[in-house]
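Letters A, B, C, D, E and F mark the chains in the order given here, with residues in each chain numbered from 1 onward.
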Amino acid sequence: MGKYKIIGEPLKNIPWEEKPSGNHDVIWRSDMNPIIKRDLLPTSNSIFNSAVVPYKDGFAGVFRCDDKRREMRIHAGFSDDGVHWNINPEPISFDCDIEQVKTFEYAYDPRVVWIEDRYYVTWCNGFHGPTIGIAYTYDFKTFHQLENAFLPFNRNGVLFPKKIDGHFAMLSRPSDTGHTPFGDIFYSESPDLEFWGRHRHVMAPRGWWQSTKIGAGPVPIETSEGWLLIYHGVLTSCNGYVYHFGAALLDLEKPWKVIARTEPYLLAPRELYECVGDVPNVVFPCAALTDSETGRIAIYYGGADTVTCLAYAQVDELIDFIKNNSKL
Amino acid sequence: MGKYKIIGEPLKNIPWEEKPSGNHDVIWRSDMNPIIKRDLLPTSNSIFNSAVVPYKDGFAGVFRCDDKRREMRIHAGFSDDGVHWNINPEPISFDCDIEQVKTFEYAYDPRVVWIEDRYYVTWCNGFHGPTIGIAYTYDFKTFHQLENAFLPFNRNGVLFPKKIDGHFAMLSRPSDTGHTPFGDIFYSESPDLEFWGRHRHVMAPRGWWQSTKIGAGPVPIETSEGWLLIYHGVLTSCNGYVYHFGAALLDLEKPWKVIARTEPYLLAPRELYECVGDVPNVVFPCAALTDSETGRIAIYYGGADTVTCLAYAQVDELIDFIKNNSKL
Amino acid sequence: MGKYKIIGEPLKNIPWEEKPSGNHDVIWRSDMNPIIKRDLLPTSNSIFNSAVVPYKDGFAGVFRCDDKRREMRIHAGFSDDGVHWNINPEPISFDCDIEQVKTFEYAYDPRVVWIEDRYYVTWCNGFHGPTIGIAYTYDFKTFHQLENAFLPFNRNGVLFPKKIDGHFAMLSRPSDTGHTPFGDIFYSESPDLEFWGRHRHVMAPRGWWQSTKIGAGPVPIETSEGWLLIYHGVLTSCNGYVYHFGAALLDLEKPWKVIARTEPYLLAPRELYECVGDVPNVVFPCAALTDSETGRIAIYYGGADTVTCLAYAQVDELIDFIKNNSKL
Amino acid sequence: MGKYKIIGEPLKNIPWEEKPSGNHDVIWRSDMNPIIKRDLLPTSNSIFNSAVVPYKDGFAGVFRCDDKRREMRIHAGFSDDGVHWNINPEPISFDCDIEQVKTFEYAYDPRVVWIEDRYYVTWCNGFHGPTIGIAYTYDFKTFHQLENAFLPFNRNGVLFPKKIDGHFAMLSRPSDTGHTPFGDIFYSESPDLEFWGRHRHVMAPRGWWQSTKIGAGPVPIETSEGWLLIYHGVLTSCNGYVYHFGAALLDLEKPWKVIARTEPYLLAPRELYECVGDVPNVVFPCAALTDSETGRIAIYYGGADTVTCLAYAQVDELIDFIKNNSKL
Amino acid sequence: MGKYKIIGEPLKNIPWEEKPSGNHDVIWRSDMNPIIKRDLLPTSNSIFNSAVVPYKDGFAGVFRCDDKRREMRIHAGFSDDGVHWNINPEPISFDCDIEQVKTFEYAYDPRVVWIEDRYYVTWCNGFHGPTIGIAYTYDFKTFHQLENAFLPFNRNGVLFPKKIDGHFAMLSRPSDTGHTPFGDIFYSESPDLEFWGRHRHVMAPRGWWQSTKIGAGPVPIETSEGWLLIYHGVLTSCNGYVYHFGAALLDLEKPWKVIARTEPYLLAPRELYECVGDVPNVVFPCAALTDSETGRIAIYYGGADTVTCLAYAQVDELIDFIKNNSKL
Amino acid sequence: MGKYKIIGEPLKNIPWEEKPSGNHDVIWRSDMNPIIKRDLLPTSNSIFNSAVVPYKDGFAGVFRCDDKRREMRIHAGFSDDGVHWNINPEPISFDCDIEQVKTFEYAYDPRVVWIEDRYYVTWCNGFHGPTIGIAYTYDFKTFHQLENAFLPFNRNGVLFPKKIDGHFAMLSRPSDTGHTPFGDIFYSESPDLEFWGRHRHVMAPRGWWQSTKIGAGPVPIETSEGWLLIYHGVLTSCNGYVYHFGAALLDLEKPWKVIARTEPYLLAPRELYECVGDVPNVVFPCAALTDSETGRIAIYYGGADTVTCLAYAQVDELIDFIKNNSKL
């Protein structure tokens, strides 16, 4: 119907609020923010940087829930409308029979994606340092953990929703042991989700809001104009990091080739729930729902590393914005 | 009356508010928070990390008041109800006849304790670096300063309310010259408050909320189950330190032996007055009042290094929580 | 009329609100704060650290507007009352025929001053590192850029409103390439605004609120008691920098000689718009309007590196405060 | 013949000097050290951290030659006796048809190994950060470059000389962008040298000489007691890093399982050519020749990141030393 | 006999070499340097920073011997002439019945002193961080370990050879957990070597060779002019620390009062054995022998944290030098 | 006579040694190195980074002599042959009547140049941080100090030997307060040596040996091909800084325009007197003598921040090398 097409299924019950009149931004926040408060679970310190997908008649998701030890765990959850969530009080316990891999250290910042016949979860997995864990599930009850994708140190591993040139494909950001003050987005392929290679460089940090490090956000959205990648970018102020998010269009067949990339950010911390919390001044997108019929996009993002928020965009507007404000 | 006993005097007029229904936390905040605002004194920049004790029919205390030079000083104050305070506009001026010791540099984060026949104040005292100053008073008007307990660099020196094995006993945290990124709690003894020794290691930082450094909070509370120690723990986020507090039970006779220690925190910065201020994301406990009859505990803590706050616990609930959530 | 004289023109329409009764501070905030919100321009991320002067029947100004790339630019603006502003959506484009100088990198933290026959703008100018850019304008439409005053690295270059001993005179703060953790105020002279020399040291950081670095704020105000210099001072907490401001009196003929300097600060971050934003805990003064008839002073300052604010003082009170609270 | 067996070919012309009488160390240096001086090539600044293998009737090698730009390159070379070398004045130019991979940034610290039918070279390869480059050659003239093994940041990638459980196997050390102050040895497998996975943790740094970071040295030597791994370990003194080397025995079938590991080092910087040079206090082993008949081992190592040196060991003595001085 | 008197026993067999003619320095090196090489023991990596005293007809000492694990241990040794030493191959094993204290972590930089009826050893003792260990011995065979003097973090604890005002007295340098970039010398007293207090500040670092940190060296030498303290001072160059040594005279009765202090250093790293080794550019004095009859002083110092060296001074010349080159 | 011309006076007695046969480097060291040892003066710790010029029938110079306080001072000296020097035991005492300027803090790394009618000395001058001091002399006995050229922080200020476009001209490197890890070469002009401006960027650090910072060395040499600038470049190894030197040709009329710049270095630390000393691994050129008749160039450079050395080049060879190995 619109100018540009989202390739994928329609999603009639996508969460949605119209853009307020007078608001000229390409992204607008939900009035219900934060949609998930930090203490939704009695044991949770915070619930944020979480991933949701359509599931049956509603939605399922994997949520980063730091508990009151401040230990980082991921939990499964379910929702009818994508806004009100039931999150399991118990963290996900993975099935795994690989001795070193099944030893749990920590898990955070999950992404979820449907590929071919099942859901895959990727997350930042503690394995003598952070790396990318992978598991699959059919029902968000049982999760089967596979080999870690990479050697440490890596964060923000995000699978493409379909194979590229016959291989699974992942974006990720090589990191270090701590609060890494650098970071580019790379692309890698795997024939089997066990062995990974064909590593390609996609994007480096550059001026201003994305000058310290960047990392892939939600699963890339396939569109008629290329893969729509929403990604976060970090600026270092004299009082710490500020996390924003922007977007890029990647080549459909060779996704390491960048077609367009926003010079301005799309969203920056402004609301109190983004500026005040366990890590002030963070907006961090981890998931997006899309409706191919209306072009609606609902973006789930963490606020201040404390709560879960929702923002909206319309694909025509968003892609036009990327193209018109692009600098490569 | 309860399951566990607080050893000590009853305190009928202990500040108290019942736990709000629906609140399942073991610690709950006062509705009057912050009970002392930053500008209670015309010259104060902030009033926080302060220590109170029962005194005559009411309460007395020693308060950290940073003035508008941001110089750190401690002031005496008095209150009828423990909530509304008259703080002396002039900082405490110590009597002292030891040449090097009486030279004032700065004073902060006081604790106050009654031992045998008088009140003792300990605080972080500037002496070519931070160390633990000690003074005593009978009336909170005249304060007699003794030798510093230790060589620099040390912070969070807290006396036990009675002698251990015939000696005065103190917890403290060796530090460095700046915003120390490490710190364990140690125990030391003194026959006379002039010479200190028999240093023992009590607890080290460990995972998550208490991974950077820990330090003793209020004067340890004697209970039937051991010394109840409320202590702060610090996590380093990419935007700075976050201060929480938890608790431990120490052996009554050999207090360097830890019986139980909370794996989750008891309180973390959540309210605006804890998250926003001169140092964002700080809750820092320095004193507790207890009523041996009812088992009520009122905890005084600093919020955001800016204001003074009050929280409550009930001893049975608190000790059960420590035991049930302990990891050594 | 008052005890002390501001040397200069009367300014009948100076923005003004009386000090609230019960407020005993020498500086008081506008009830309209922040007078300029971060999104006054559709493309602006933030508008702060800005400079205003009387212009024709109203006011003109140069504003730091970080756009949504977080790129730092300065824009001209106009106002009838000094409170409500029309800011040009386009940044200032300088006329300049010096090859290396005209290459624009970034511009921030402007000051504006009338000297003899025209307005001069100084700002932190990107030239292989930050240094002090200089331009002049007659109409706030066309700006003629001159040579940079100094080699990098320098920030907070502020011209005196009249020549000193026949030379243009500037205060500045030598810096480094990043978030400089040190910084003194120096004084320099120039016969022609092209060559600079006779560098003199004015003030170093010292205790507490001004212990990390200091920098000149608004254009010095000539008074019967000396040059009234409002300046910012920075303290390093464990969670980053805190920016306050204080004031000094400098010798009228040899302005590198300090007559008086406030030991306490004048203003510190307390309001939400000063404590929460892109850089928490910042008040940063860049301009002041004065009325020589009434002794009123209106100070423009940035809040949290995000918004523009206004505060007031009365010259008699302010100079008395400086003299009575001075430590050299 | 000896107590323990080296699995492999005899090497009659292995470089060899008997251990000096009176020397009780398990490793002894060549009297000819440094065997390759820094200026063997007219354009070389230094030649060190280099890899040699038996080739035809003599030896071939790949040498790290930093040129006088201090650019890091690797060169092929040939020798009759393993001591006197002809190094090509031109660096190796790789055949490669993968667009991003063939873009050369830098190459250093090579290892060479014969597997099945050809020689493989691995090295630290600049690819938006250091990672492990792989190439093969039949003749040390033409080198075919394959995909990089891993995402950055990685150093010290060392292939096993035969497949493990049907897969190529590599040890490596994940790193960061600079002079990485941490580093463990990991193990990875590949079916095809294109995709890598099954990452396992092998060894972490621990006390004293190996407390900062460790990394695999020469290609592991297959023995009757397990894979003999010589590895370097780094200690951080107040004047920088000190590089030593020690050894471990790894399980033949599951090489990530450590059987024995030396608590003392085998060799530490003592000679002037190890203590003085471009990086003082470095011994860094990159290759070993072994003779299965006599149990002789000749170890090639870099001295002070400047010259190439040779040291000797006897397999029985060395394995006994590892077993007798092991701590896991 | 001389101008100034060393208070103490004559020592006829003090090691001695006359000052070479033409050498005008107040301190001159032994021609036999290094008198103890790094590999005197088969297991030693280095032997340095060691302490000797007259014992029976010859000399005894306690030596820092880092073994080939680079673990830091102290060993006893004996010598007839103070130059040629037999060092026990086994490190000292302390008798101790205090549970936490007897747990050995590491021991380095010992000092030895005779007080009243026995020899006392102090050293940097690992106890959850470095602090000052104390033991006594009658025969350098059995060593009885007492309580640690202080809480961590402390280094360079040096006892006075007699009681001051009836108390044991110690100089020490509070430190941090690593390669401490600061450090003053403090003085403390103890009635019983178990409890310590009356802490006094003695000297801070200051300009140039002693600008980073300072620490007491040998046991203070009692002279007619005051306690003669030889101490090390550290400068931070762009390539790390440089350790020198100088001297001061302290008041005999109140040793925290400095009478004189050398502005120039006495000895700086110049010889290859001082400039090249495990830590380049270190001279570090730990002991001195004195002959009250001739005024001869033999100073033992570590070279490059690797070997043990000897230098000489004559008391008249040395005290004159201190007085003539003093700056307080 | 040669291919390229040095513009200037002949210098028959220029120090000279022919290039050793077999040496193919463009720069060769003196066999007499170090020509000035560290202890030439009884009070000197080191003599290095020094500047010499032809003077009368011989040579005069200004020498950096760090004394045994490690205080940095500059001394005048004289020589008949440019190799054997008499250095005044007393540091230069400047005539100066500018109150703030005449306050001496420290002086190091001098350069000397003859312009028009007198000798000018520039050096790194302590003035609330390092900046460029300027003085002139006719006789190397009396030195008249002028205004500092710039605000702090600056190092390596080097005057051109003649006016450029009617102005004095200087190269310098803006720095920070410590061991600056960055630094470009800038160009500035002055009508009168009192006021400076027209700042231009000349060269930034770039790959490898010159990747951390660069700074002008000797006074630029005027040649037929442009200003010949010998400059130092610094690489950061994991064990600190390594100082090399290379060369560039600058436009004769607009010296901020670079005509050619060596990609390889000209000289790097290799000799023991360059690799071992107070700062290991430093060659630092500060002066050059040239003979326009023969094209001979004698370069004075500091070794290891400890001694003074001499190296030679021939102008034809050197300029060809620069042109043939240039990368802009």
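Here are a few things to note about the model shown:
As a convention for this text, contacts are C-beta pairs under 8 Å (C-beta built on N, C-alpha and C of every residue); 3 or more make two chains touch, one makes a residue touch a chain.
Small disclaimer: the values here were computed from a predicted structure and weren't measured.
Identification of common neighbours of chain B and chain F yields C, E. Greatest Cα centroid separation from chain F: this falls to B. Its interface matching that of B-C in over half of the contact pairs by residue number, A-B stands out among B-E, A-B or A-D.
Under half of the residue numbers at the interface between copies chain E and chain F are found on both sides, making the touching surfaces mostly different. Remark: among chain pairs B-E and D-E, B-E carries the greater number of C-beta contacts.
Computed centre separation for the pair chain B/chain D is 55 angstrom, with centres defined by C-alpha atoms.
Rounded to whole angstrom units, the spacing between the C-alpha centres of chain A and chain C is 42. As a whole-number value, the distance joining the C-alpha centres of chain C and chain D reads 60 Å.
In chain F, the positions touching at least two other chains are 239-240, 276, 280-281. Taken as a contact graph, the chains fit none of the simple arrangements: neither line, ring, star nor complete graph.
According to the touch criterion at the top of this document, the contacting chain pairs are A-B, A-C, A-D, B-C, B-E, C-F, D-E, D-F, E-F.
Chain F makes touch with chain C in their complex at residues 100, 127-129, 131, 147-154, 172, 174, 176-177, 180, 182, 184, 186, 188-191, 194-201, 204, 256. Interface residues of chain D, counted against chain E in their complex, comprise 24, 207-209, 235, 237-240, 242, 244, 263-265, 268-270, 272, 275-276, 280-281. Of all residues in chain D, only 38, 42-43, 45, 67-71, 179, 239-241, 276-281, 305 touch chain F in the complex they form.
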